[in-house]
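Structures incoming, each one as structure tokens.
In the two complexes that follow, subunit A is the common piece, with subunit B as its partner first and subunit C second.
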Partner chain A sequence: MKALMSLGALIGVAGLLLLGGMIFDVIPSNTVRLVEGYMPMQMLFEFACFVAGFAGLSYMMSAMGMALPRFWQGIGFWAFVLLYLKFRVYPPIPFSVRAMYGTVSLVAVFMWVSASEEDWKKFKQPIMNVLDAQTGMNRLLRYAYLVILPILIGGFSYNVMMPKSEEPIELRTVHPAPPASTKVHGKTYTLQTSQNPYRVNQEGKYDQEYTNANIVEQGMGRLMKPNANPWDDKNQGYLKYVREGGEIFFQNCHFCHGDNLNGRGLHAFAFNPIPANFTDPGTIAQLQETFIFWRVSKGGIGLPNEGFPWASVMPPWEQHLTVDEIWKVILFEYWHTGYYPRTWD
Partner chain B sequence: MGLLTGKRVFSIMALCMMVGLLLLPIVIALPSPAIGEEAPAGDAAKKDGDKVEKGRDVYYKTEGIVVGAPAPKTTDGPKDYPRYNFESRVLIWFANQQHLYYGSFVLAVPIFCMIIEFMGVVTKDKALAKRYDQLAYDFIKISLTAYSLTAILGGILIFTFLTLYPAFFGYLSSIFRPVMHIYALMFVAESGTLYIYYYGWDKMKEGFLKWIHLSMSVVLNVIGTLLMFLANSWIGFMMSPAGVDEQGRYLGNIWHVIHTALWNPLNLHRILGNMAFGGGVVAAYAAYKFLSAKTEEDRAHYDWMGYIAMALGVAFLIPLPFAGYWLMREVYAYRQQMGITLMGGLLAWLFIIQATMIGILFLSTNYYLWQAMGRMRGAEKYQRYIKYLVFLLICGFLVFITPHTMVMSPAELKAMGGQQHPVLGNFGVMSAKNGGINVIITTTVLSFIWYMRGNKVSTVSWAKFGNIFMGVFFACAYINIIWLAIYGYYIPANVRVGLSVPQVATTLSCLFFMFALNTVMMKGAKQMGPIEWGKISVRSQYALIMLATAFTWMMALMGYIRSSVRLFWHVNEIMRDNSPWAYTHTVGFAANMISFNVLFFWISILFVFWMGSLAAKKAPVEAKAGIPGSVPQPAASH
Partner chain C sequence: MMDSITQKAGIAAVAAFGVVLVSSAGYSSVSAQGLPEGFKKGDLAPEPSAEMIEAGKRVYFTKCVWCHGVDGAGDGPGADRLWPRPRNFNQGTFKIRHTASGELPLFDAKKPIPGQNDLFETVTHGLPGSAMPSWEGILTEEQRLQVLAFVTTQLVKDRKFTDKQSETQTVLQLAEIKAKPATDESKKRGSELVVEKKCVECHGMEGRGDGNAFNLKDDWGFSIQPADWHKCWNFRGSRQDPYNVGNIFRTFSTGVNGTPMPSFADNTTVDERWDIANFVNSLCERDALGNPLPIDPLTDKPKINFVVPSDLVEGEIPTDMEHEAWKKAPKRYVAMGGQITHKPRNFVNRIDDIWVRSLYNDKSIVYLLEWDDRTKSVAEGKLPWAPTQVNIDIKEQEPKTGEGESIAAHQNNYTVYNDAIAIETAVKWKELPAPIKPRYLFGTNDQFPVDIVKWEADGSLRAFKGTGWDKDFEERDNYEESMKLLKGEWKDGRWYVMIQRPLGNKKDQDYDEDTFFEMGQYIPTVFFAWDGHNGDAGRKMAVSAFFYTFMNPPIPRETYIYPAVIAVGVVLLEGWVLTRRANKKKGKTL
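Coming up: the complex of A and B.
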């Protein structure tokens, strides 16, 4: 047990030193890289390591007779969470989400320190000591709080109320709700039931399973499947259409959406927000193909009223592409990202 | 013996007669839908010879003879949208919400009474049986006052509809005409049963008559549930209309109108939701009484009452998220745009708030259970592991509340390099969230099991093996849930939705198998000491109040979300809302309105409780029999 706790303590110290180094820019922030694609699990794992580390550290300090009071353990852990979220995760997490995570962590700390009566007493003790002010130090602290707290509250209020020249906060919805149907080149498509006509098997029949099986799984670092290379000129059916879609994509779309379809094209950073990242699991992977068909056809102009401003500069591609070309480019987008469109089968 | 049998036969006959009389109006009313289906066709045929206009059902795609008038095309003006000098939508929102709160309460509490009365009847401990019976009686007493308020609020709601939205209400009434009187008659049946059930309590407290009394509560609850199903058909029709053609003309099949795409998911969701809500309200009542109790005896009683109400509420809370998933899945399947508006679009942020509320419910429950271990000797062995449960719960919670649509300044958006974040993007979608909520629920199950064995040590010979098996089972459950959440990113979205099934199965396996195993293991277990009812921290009682507040807040929020998803439609894609309020409120306004409704409900229910306490003061002293603190608690009370 002691060995395990010592190991935990070691991890805790190393982790804290690393984080401290990153905060003060002594250690490069990419020393332990956060790998795109694995980042969410990596973060949770790191977090678990830190918790184990803190448990070990607390145990060791207690064994050495230098136990950290429960009050400071709680405050310290909460401060760690806030600093971790601010300095460890890159790209930076918006303040609104950090605030949510921070509040939940505070609740967690409260639940931890007050789970049993004994722990709660230990946690409250320093607060009660200051309120009681039996010693000179505590009396001094009490007076200090009496002065500092109103100043802090006042400062906070001033900061909130002070007019700022920053751009206002936006609540921009990621997926606008599509209409029930859309009219493209004179034909009406019901978005709930329409299908991509190029999702066909080698016999030319609509076959979702066949096309799914040919998707090149390269999202999250997966490798291209053998015998599924759309750039092969001999291909027929689905893979041929993927290639044609790819050609259309590289002639029209990649300037903004990027070679890797990750929204970081040549012109992408001229826009705010930058174009959609199709490799993110929250975009085309969540949607039906007909949704993409509607979005590509109508562009930013065709977005519904209820969520304005959408701030999308995508042109209505129906003015430049045929219906067939739009379907093919969608086919390519799913193939390239390794995602499957949502269906209701 | 003969006399007893005769009494039983007489009792059964009396019950059957009573039920028959109560249901008579409904039976009489039943032929009318059939007439509604056939007669107009016959009339039409007579009038126009062979010229019968047919329409196509918008949902079932079946052909039917047009019976009703098309949905009115309203215009903003005093004819279709008369108004006071106030936003009509806010008034109807308020009336609807309050009616729903009380409706839910009076539907849930009789189900509680049924369960508690049943527990009292089957328990062998006479003192405990008496306490259960008294508890059930206390509940129904509260319910009686609330029932009157529900009816009053129902009246206010109808008047509000008639006054502010006459065109819409007229149309809806014309569609539901064949069942509207059944709905009204159900109220009569419900009231009659409730009064007989309440006033017959003392007369039917012994022997076989008690069973008759208990079966009356079943009748009462069946009627209540049917009543709710009918009310649900209205909102189901507004969201996913069926039984009408594209112009909104009724096609003569009332079953199509009732049984819309979302009716069944709504029914299930509401039953579970009402029960959890009812439990929360009663638990908060008990918590309030506990905090204001002057004697140890009262504290013990209300501690026990709070625990029972919480346990019942949470029993229905656990399956609630799964019912919610089913409802959302059906919404998506019905209309993609509705699903996206709800969960990825305009209303997505309200779902984040909802997830936060669900998390609060589970956190409060766990916290209460951990606190409740404080009144058991021997539970210390589990208390030191609570921090690990906190870690699991919080990780699940953090993932569960991660927004997909983030609030951020343009500068933050730029720093992030687009709307998508490599961490939040993954946490913000369903695959991870499914994992998050299942981790939360599994941890709650684990807390419950720890609580159940808090003051006990298993004496079965295979106790060690049993404990290891349970530990491994839970570890495997966590691994399976988390693994499936990650695996969800590697498969198509429609299959991913299906992954929630094995996740739920894992969670439910923990619930059922581990509960069963624990019960077997704890049979004849060595007790470290009795449960010291009343000796629980005050923090636990605030957790109960938090639980109840979160329930009421969440109900109002979900009602608003469900209603708002129709956007500018009274009846989705059939009847447009042309009033000046056919827009979606800001999140802030909605939150304020919800908070107001919650506050109003809690103030008014305090009045109901006060009325209950007035009656209690006149109750015979006998009602106080059986002091919880002095009675050893059998395992059944866990």
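Coming up: the complex of A and C.
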């Protein structure tokens, strides 16, 4: 038991040092990366480690006769949660979301410290001590609070009342419902039944399985399959079209969607909303190939109102590309990200 | 068992520490080997293993080939619409190094240590200001080393990283050179040195990269441009840490291979190099208090705030930029991307940001726009189309492989048009249910048009009504008298333009064409910029996203009164709690 608690304490100290390093920017906040796609699970695990670490730490400290009062434990843990959310989670999450988590954890801390009458008493004790001001230190604290609290609250309300020019919040639907069919270059495509004509095998037949087998490896650094190089001159069918799609992508799309299809292209920084990140499992991996075909052909202008068509710089690519070129680009996007398109059934 | 390993590790660590100590003790400012100050001889790295090269080939043909090409000649399908062009690896010429001018960069397939592995750092952090992204988090450390093993052994064809006969390594010992603090004295000396060492001939009198802007070519004959010292986030070797003066010191010490930027290691002392680096670093844009701008980690550019606040002034709006009101007005960074939505598309936008400030009084609003443009461009002749025309048919450049046809080759050889800037605001924005706006490029339709005020370098200021991206502008003829150009000046690579327009009201103005500016409201605003020497005209331009002009209302008196009342209330509350507690202790109950 003791060994377990010591281990916990060790984890706690190491974790606190790591977090401290990130807060003071000694360690960049993306040092120990939260793996894309697995982030929630990894975060929960890490958090559980922290809790175990703190339990161990508090046990060790009380064993050494330096027990931390329950009051400070509660406050300390709450502060830890806030700091963890702000400095550990990368990419950063907005303040409004952090505020929500902060409130939830505040409630949790209260439930923890008020679990039994005795605990609650222990928790209240430091507050009562200050109110009663039996010792010199507490008297000093009481006077300090008397002065500081009104100033703080007054200042805070002044800050709130001061007119500010903050960016208005706009909630945009990223994937609006697609239409049943779309007309591109004079031909109508039914989204439910259309197929990518280039998803073919070496014999030139539509073959979902064959192309899926040639999709690059999953994981962070998605690479092409060994011996499935789209730049090989001997390629026929799928891989040849992947290469042609890639050429079109790098002549037209990568300026915004990025060399790695992650929405961080050369011009991306200027635009709002930022271009779509195809490597994010929430984009093309969730969508049908025909949905992408509709979005690429019609661009930002073609979006319904909830998709903010006025703010998008995505051109209707049918003005610049042929239907065949659009299908090839889509083929390339799935190949490069390593995702399979969703199917209707 | 466990102990012996720890012991060994301990000995190794102590030994390593000893080596560092001894080696740094041997370092002196004037080298015995006749090397430039701050440099030391280095060893060539061993050749990477065959497996590594093979694994690197897979990385290369998935990620890099699209720009750098099958043979690494910098001619992939993406290359021809990029400027600067992707690196041609064949000659082994690399820009960002810790090695002396002309030498190969540091690369060791087994040592991904900052400061000791130039190519690894370039792949990791990317080259800001170019299309080369940061590959950190995309490729693992191992994959980054693998791809470099492939590039250095298979695609660098004219030189060999392991050839002891032909290659030397003279390494800048940046980690061991103590940085000189950026005192005023150091910066002043640096400012004198950049003139003395002729830096200003290329980088311009104010360091905006505007000197010699037409004649510079790289080793492959492509026109290139000197760095703009005011945009340190675009420094290729900034390593995602743009305000770090060490990066400037390194570039200045080693030169930039393949470009006209030489190494100054031979004709400056380390001390002088720090002075120059401190001076160059001090020029980079900072906030009003002189602090570095916050950099967005996702884009490596300054963070963007999409609200352009406008402050109220009593009486006339000052036209002098040095006026207190302008100095106090918040300055906003407006990022600009290329207009690649409608033909003719602008893949290479040379204006990548503008700075906006604004003031207003009871009648007008004034925008002060500043942006860096290396060349002052005023059209040589008349435009071959009407200025209101949107659908001009400028032939778009095909992405052709080959130096003669590519955008990079064409740069600086375009017909010169006017530099220009435009502010587009939404008309009738109050009727649009929030958050709906007209389309950012020239409005939606007749019902929801936009109001475009455009200034051109010939001194003209015109207003247009835009009713959709595919419709010609309507020029507004009665608007000229109500607008005013307060300033339009190009100086040392920077434009300063001050445009005044009426706030608009229902009585005097045309509600269907005018934007009405209202205090305390978010007015959708877009900025467009044209670089005349980039062939920018019509819709070939740089565009911003939607910003908001926000006219700050005067601070109401309540803002000062209520907090005071609240504070007094808190004091009373405290008194009540304390009294109650005291009474309770004494056993009294209220």
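Please note the rule applied: the second predicted complex is superposed on the first by the 242 of 345 C-alpha atoms of A that agree within 3 Å, B and C clash if a C-alpha of one lies under 4 Å from a C-alpha of the other, contacts with A are read in each partner's own complex, and residues count from 1 in each chain.
Here, contacts are C-beta pairs under 8 Å (C-beta built on N, C-alpha and C of every residue); 3 or more make two chains touch, one makes a residue touch a chain.
All values reported here derive from a predicted model rather than from experimental measurement.
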Considering only the touch criterion stated at the top, classify A:Phe250 as touching first (subunit B), second (subunit C), both, or neither. second
Partner chain(s) touched by A:Pro168 [first = subunit B, second = subunit C, both, neither]: both
Output check: A:Tyr210 vs subunit B and subunit C. Expected answer is one of first, second, both, neither. What do you get? neither
Is A:Pro94 touching the first partner subunit B, the second partner subunit C, both, or neither of them? first
What is the contact status of A:Tyr189 with respect to subunit B (first) and subunit C (second): first, second, both, or neither? neither
Once the shared chain is lined up, is A:Asn272 touching subunit B (first), subunit C (second), both, or neither of them? both
A:Leu131 in the overlay: touching subunit B, subunit C, both, or neither? Say first, second, both or neither. second
Just to be sure I read the superposition right, which of the two partners does A:Pro341 touch: subunit B = first, subunit C = second, or both, or neither? first
Under the stated touch criterion, which partner chain does A:Trp78 make contact with: subunit B (first), subunit C (second), both, or neither? neither
Touching both subunit B and subunit C, residues of subunit A: 91, 166-168, 170, 220, 264, 272
With touch defined as at the start, can you tell me which subunit A residues reach subunit B in the complex? 34, 36-37, 39-41, 43-44, 47-48, 51, 55, 89, 91-97, 100-101, 104-105, 107-108, 111-112, 114-117, 120, 166-180, 191-192, 212, 217, 220, 263-264, 272-277, 280-283, 285-288, 290-291, 306-307, 339-345
Subunit A residues within the subunit C interface of the complex: 30, 33, 91, 131-132, 142, 145-146, 149-151, 153-155, 157-158, 161-163, 165-168, 170, 216, 220-224, 226, 229-231, 246-252, 254-256, 258-260, 262, 264-272, 299, 301, 305, 308-311, 313-315, 319-320, 336
Residue set of subunit B touching subunit A in the complex reads 332-333, 335-338, 340-341, 344-346, 348-349, 356, 359, 363, 366-367, 370-371, 373-374, 380, 383, 386-387, 390-391, 393-395, 397-398, 401-432, 486, 489-494, 537, 539, 567, 573, 583-584, 587
Given the complex with subunit A, which residues does subunit C contribute to the contact? 58-59, 61-63, 65-67, 70, 76-78, 80-82, 130-133, 135, 137-140, 143, 296-299, 301, 304-307, 309, 335-338, 340-343, 347, 349, 352, 399, 434-440, 444, 469, 520, 522, 543-546, 548, 550, 552-553, 555-556, 558-560, 562-564, 566-568, 570-571, 574, 577-578, 581, 585
